[in-house]
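In what follows, structures are represented as structure tokens.
Across the two complexes that follow, chain A remains constant while its partner is chain B and subsequently chain C.
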Partner chain A sequence: METTRANLLSEATELRPVRVHAVWRSTGGVRQAVRLAGMIVVPLGTGLLVGSLLMWALGISPLAAFRTMLETVVGSRSGFTDMLLYATPLLLIALGYGLAYRARVWTVGGEGQFHAAAIAVAALVFTLPPTTPRLPGLLLMLAAGSAAGMLWALLPGWLRVSRQVNEVVSTLMLNFVGILAMHWVIRTVFRDPFAGILQTPPFPRVFDLPRLAGTRLHIGLIMALALVPVLLYVMHYSTYGFRIKAIGTNPWASRAVGIRVDRTIIMVFLISGMLAGLAGAVHVLGAAHRLIGDLSPGFGYTAIMVALLARCHPLGAVPSALLLAGLAVGSEGIQVEFGIPTDFVQVFAAVLVLCILAGDTLIWKGRSPS
Partner chain B sequence: MINMGASVVMRGIVKRFGHVVANDHVDFDLALGEIHGLLGENGSGKTTLMSILYGLYQPDAGEIRVHGAPVALRGPRDALERGIAMIPQQFRLVPTLTVAENIALGLDPRGRPHRHLLRDVERRLMALSEQYGLQIAPTAAVGRLSMGERQRVEILRALYHDSRVLLMDEPTSVLTPREVDRLLQMLAAMTKNERRSVVLVTHKILEVLGVADRVTVLRQGRRVATLGPGDLSADALVAAMMGQREPPAQASWSAASPRSARNQGRPILEFRAVCVSPAGGSDLASRPLHDVTFTVRSGEIFGIAGVEGNGQRELEFAAAGLLTPTAGTIALDGNGDSQGHSGRAAVAYIPSDRPRWGVALDLTVAENLLLRHAAGGDPWALAPTRRPQPLADADNAIATFGIHPPRRRALVRHLSGGNGQKVVVARELYRLPAVVVAAQPTAGLDVATSTFVRGQLRRVASAGAAVLLISSDLDELQGLCDRIGVIYQGRLMGIWDAQTVTRAALGAAMAGLASAGGDGNHAGESPIRGH
Partner chain C sequence: MMIDVSGLEQLLTGALFFASNFALVVGLTAVGAAINEQSGVLNLGHEGVMLLGAATGFVVTFWTESGWLGLLAGAIAGAGLGALKVAWSIVIKTEQVINGLLLVPIGIGLANMLYKHQFLHASSPPRIAPMPTIPVPFLHEMPIIGPVVFNRSAAFYGAILLIALAAHFLGHTRTGMIIRAAGESPEALDFNGIAVDRYRVVALLIGTAFTGLAGALLTIDQVHIYSARMTAGRGWIAIAIVIVGGWRPWTCLLAALLFGFIDMLQFQVQVQSAAVPYEILLSLPYLATIAVLALRQGTVRPPAALGIPYVR
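And then the complex of A and B:
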């Protein structure tokens, strides 16, 4: 997807008159910069503009609001930490989405896979004896979370391949199943009898993910960042990534040359499910330390925007995860300061994605009909 | 031939698409009250001619007169206003709407509420349906109608507008035999009783013979003949469609490798009593295969001739391992099975539908050339597009096969059709495969590229490949093949030696006229037949 779009952009430039074209080609750096601007700065700018208009309509100075957001996020150590904690599951899920979208597998099932993993982790936490050695226990829990995410993704994958069931619908539905299954598990099995809200007792401290020195950050962040080059290799350098790209571009031709299309698509579902499951596991073990009714503020959905903003590129996922995490955390600042509901930031993020998609459509329209 | 009864007169129609001349000074007359067959192979220009008459294309030269008055048809609306209606091959109907709603879609309500318009439309459709015995309920949802019924809805639409001229593009391709009879009866009634005129665009010889008053044959954009009641016969039509000339430059084609010498290898690709269900999909030209048996030997080019839509696509897909036979087996190299991805990986395949099955338009030339590398090997290893050796191979293939532009990072979407085909041919034939399935490999290509592609097929055959060549170009088949089988209505009519068979014999078999393999004019081998 990313390359298709990129190619469209380069094509759009190639359609210009010859003279401009020549100048264009001779200044590769400028061309790259303009391409980047078209892909990121323009939608971002438009999103900011629309967001500002919204705030202005609410009677708030956009400038002041944005300053507050910025101060919330980078002005304080705790805000910055919050942003990184928020960005960790976003990044993990978005890496999986990016891979899937490149194969034209439009999964939106990160939320359900995240919660399935949370259930699996909690089940282990509450059944393993507290004397379990820490490292094997944690590894087992991370593996169980990943496996639960894969399992949650296997069903829509199988339905897509064998029954031609649209994965947008099936993964979306399984999100609700996942969230409600977790609620059910909390309520019936692991409920904290002393709490007024829907949550389990806190996990034993022994099962906390290791922290980064002197912060609330956990090694999930390191794992997510370490997976970025791995995904970069898989998607853009490996034969497997080439297969995914081929299938996403033309599944029929891919099949005709002997690529096992169905098997590869199942694999794509499993990998994206695994990453979302890992996100759920690290978030529960590293940040939440218990199951709680609103465990995820919609990580699985925000990650869609992260992946789209990053054009499905693993490297792009890092800044866009930070950006959307920053927006989410920053919006809490403006809620305190100005009394705008945090939902506002969802509007802003959605506008952002709309601008991205609209931009792509405009580029499509600029193509010569052939 | 311009007389008082002329409904449409087209004179000297020229239409070019780039360098391709689709219509080359074509004259066409349509008399009042006649059914006029327009016959020709694919790419002969018949659809272009009808699109011009329906206003979809503007001719580069020539004159059109409708009922004696010169007209300029700038769009379908102009054509409709002059009473010309098109019944297209792919129906323009919304399945979720009713018949009446579909027909009301194109109407100007003139300020009336939609339901009033709809009520009027329903009333008139009911009357028309009864008058013509169409048996279409105006309130029926189109999605629930059969293909034949949908076609009658299209005809209803033309009648609703009281069109005097009906252009029907391959009208029988979607119909069952009973529906065909019914349609033809109806057309006969409409022309004889009401002096409407019908153009029947088709490539089916037998069909036009039965109903058409006259038949115009187009070949390679030119009108070859218009046959009237006196001289209309299957033989004459076959002769006009295929052309009487001998295969051009056959000597030079076969000079490169003496074909008789090649015909000695062991069996590589074997069809044993293969039956296949129709490929279906959006393509309407699908037909089941029955009991198809033949063997392609190493070093041999085996041709399949036939008029399009007689099961070639099913044969192509089955041979390429994309369709599983419902009965019979397809064997590769004696015992291997062509089914499954391993079969697909083993068979070099040049598909007839290149943008779908041949290339990925939004991948680069290099990626398309290396697509087969993606199928096998260690998935976690460095991609072929990232390794120097495969890339050097790709560059080499670009140079050897003359792919233009010679840039491996060019998107195939930006390549011409001929160069896109070169990409497919280069990928499939570069490494001398053992089995080749080539379907319409030169369709739509210019002469130079066609010659090149044919040369490549001959090259791999000389090197020992078993080549199955499905083509509707008889010149190509006779120039390249060792043996030719003719397919008609999903059955193999017979197999002939390509050098001794006459064009008339092939043409007759293609029209379903000959008893299978009737000539038996081949050395030492009887036609291989199904059971």
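And then the complex of A and C:
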């Protein structure tokens, strides 16, 4: 039994090209260092080239555009804060996706789980008396948000395990439903009667998440960053992470060596749902302070690219989330300056991920499973 | 009494009209997705391909004032994204789930960029003229069915013909059978000296062209305007419909019709009464997709090599 497990582990690490430090350990040497650099530099360069072409096609100078982006994001305190606020939910959702994708569970349901959590949080905010002590109140809300996210992920997880329903389609459908459910709740229950647009009244100030000294940043950023090492441990140093990778590599062999595949897959759904729910809760309590029709600018979708850009690695998710958040915030600067719509950002990000994907596959050709 | 009957007839006609519009767009996309999947390539990017087809078709028709050129442009734009999918799925052989998923933001982003680039400074949303309707002699006078099916534009008839052609192509031509073999048993095909990947490329390009065409049909023949959220998950519902329809073109169209009825239902109830919240009605097609998948999965068998790149 033990040897079989060990074999499976070696298979899991050898066949999955995503584990950067395992690559380093397994070979060592300059050639590998060059390869690793190539895995990052070449895709980024290609992505940058495509992005420049897109800008050029839109009739603006790529250099000027990138300078405007940089100035928007790092040139001003408020732009930098916006980027970090944007990156917080991205990072949380992407951590969950990264875990799921390792198990080849292709959930894309972060958007729906995010909104489900927002509903749960708002329900608590408007029903708890304002005299509720702050800390237990906030903890309860964060827990409720995470639970709502898990609940939203439970159905696709259960359907995948019991009826082999494709989780990409089911989670995506639930994204639409989640957004509509939030609109319904706002319109019928919590609507701000004085607002012309679909939104709730602002939450009472007691229920603001604690802020980081003198900024608009909230404690959610710290929570997200603190979860990175936790996820790193779970994925790379725990038996649970080993099981996840084994399932992603070979579900049949995993079942044969006694891993409870179905149960692990449900757990993966629940964890990713919980993280997306937490993202929704901290965003609502820390940044939005109310429910509003377009609460999320597609965090759940951008986070897919964050996770893939990071090659599903928790450490990589931090710079990836910052990069895509910076692009999103920076593109608004471009929109102001040049009157160019922000849509090129998602094209750029997707092309970047495609380049990473291609680079990985080409480098690992012959060693990757197919 | 007479008024009541004609009122009901009007209601039914209107309802069926909406249902058939939805069914045709989603059905055409589902046929495209079915062609993709029959060849063994999983393509989850149809939502993006469809919106790019919609935007391209709209822009071309707006400037050329020709619906046919717009439809052609939509199909070509769709196949263009298909070519990207070819490069990543068949040439480089990366994970098909991911590279298909990435077509969605690329398609949506390019579509919105194209539209806004053309009409950024338009004061009101531009419209295009509907294509002229061609009533089929005698048949169009039938009650209810007549105006819904036999008094439509040439594009409507053409789309149905295209689905018929696809059914014939997949089922009864040599190329179609090879495509299906590429999805069922690529090794057997290879043993017989037939290049598996070449046929997969063909299937991908045809399938995505179908989807691009469906998007162009949506703007040019049905809505006459473009909006960033106009596809509203149709591309995803189509992927589910492929499974429900068991990868067969006519069954796919039938399943799409079922969803057309659900979509129409929500629209009609929404108009008729405020008792049911419209958000719940709007989410009906999405919930139905999940329900139908859960019921149907297991009763149909996907192509054996679906999603697995062919490596010798």
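Worth a mention:
Quick note on the criterion: the second predicted complex is superposed on the first by the 327 of 370 C-alpha atoms of A that agree within 3 Å, B and C clash if a C-alpha of one lies under 4 Å from a C-alpha of the other, contacts with A are read in each partner's own complex, and residues count from 1 in each chain.
The definition used in the following text is that a contact is a pair of C-beta atoms (placed from the backbone, for glycine too) under 8 Å apart; a residue touches a chain by one contact, two chains touch by 3 or more.
Small disclaimer: the values here were computed from a predicted structure and weren't measured.
Residue contacts after overlaying the shared chain place A:187 against chain C, while chain B stays out of touching range. Looking at the shared chain after the overlay, A:170 reaches chain C, while chain B stays out of its contact range. In the superposition on chain A, contact of A:256 is made with chain B only, not with chain C. When both complexes are overlaid on chain A, the residue A:241 reaches chain B alone and has no touch with chain C. Look at A:56: by the touch rule set out above, it reaches neither chain B nor chain C. More residues of chain A lie in touch with C than with the remaining chain of the pair chain B and chain C.
Chain A uses residues 370 to touch chain B in one structure and chain C in the other. Chain A contributes residues 4, 7, 11, 234, 237-243, 245-246, 249-250, 252-260, 370 to its touches with chain B in the complex. Contact residues of chain C toward chain A in the complex are 44, 84, 88, 92-95, 97-99, 101-103, 105-106, 108-110, 112-113, 116-117, 120, 232-233, 236, 239-240, 243, 277, 279-280, 282-283, 286-287, 289-290, 293-294, 297-298, 308-309, 311.
Of all residues in chain A, those touching chain C in their complex are 54, 58, 106, 108, 155-156, 159, 163-166, 168-170, 172-174, 176-177, 180-181, 183-184, 187-188, 301, 304-305, 308, 339, 341, 343-347, 349-351, 353-354, 357-358, 360-362, 370. Residues 320, 322, 341-342, 344-346, 349, 351, 356-363, 367, 370-386, 411, 413-414, 427 of chain B touch chain A in their complex.
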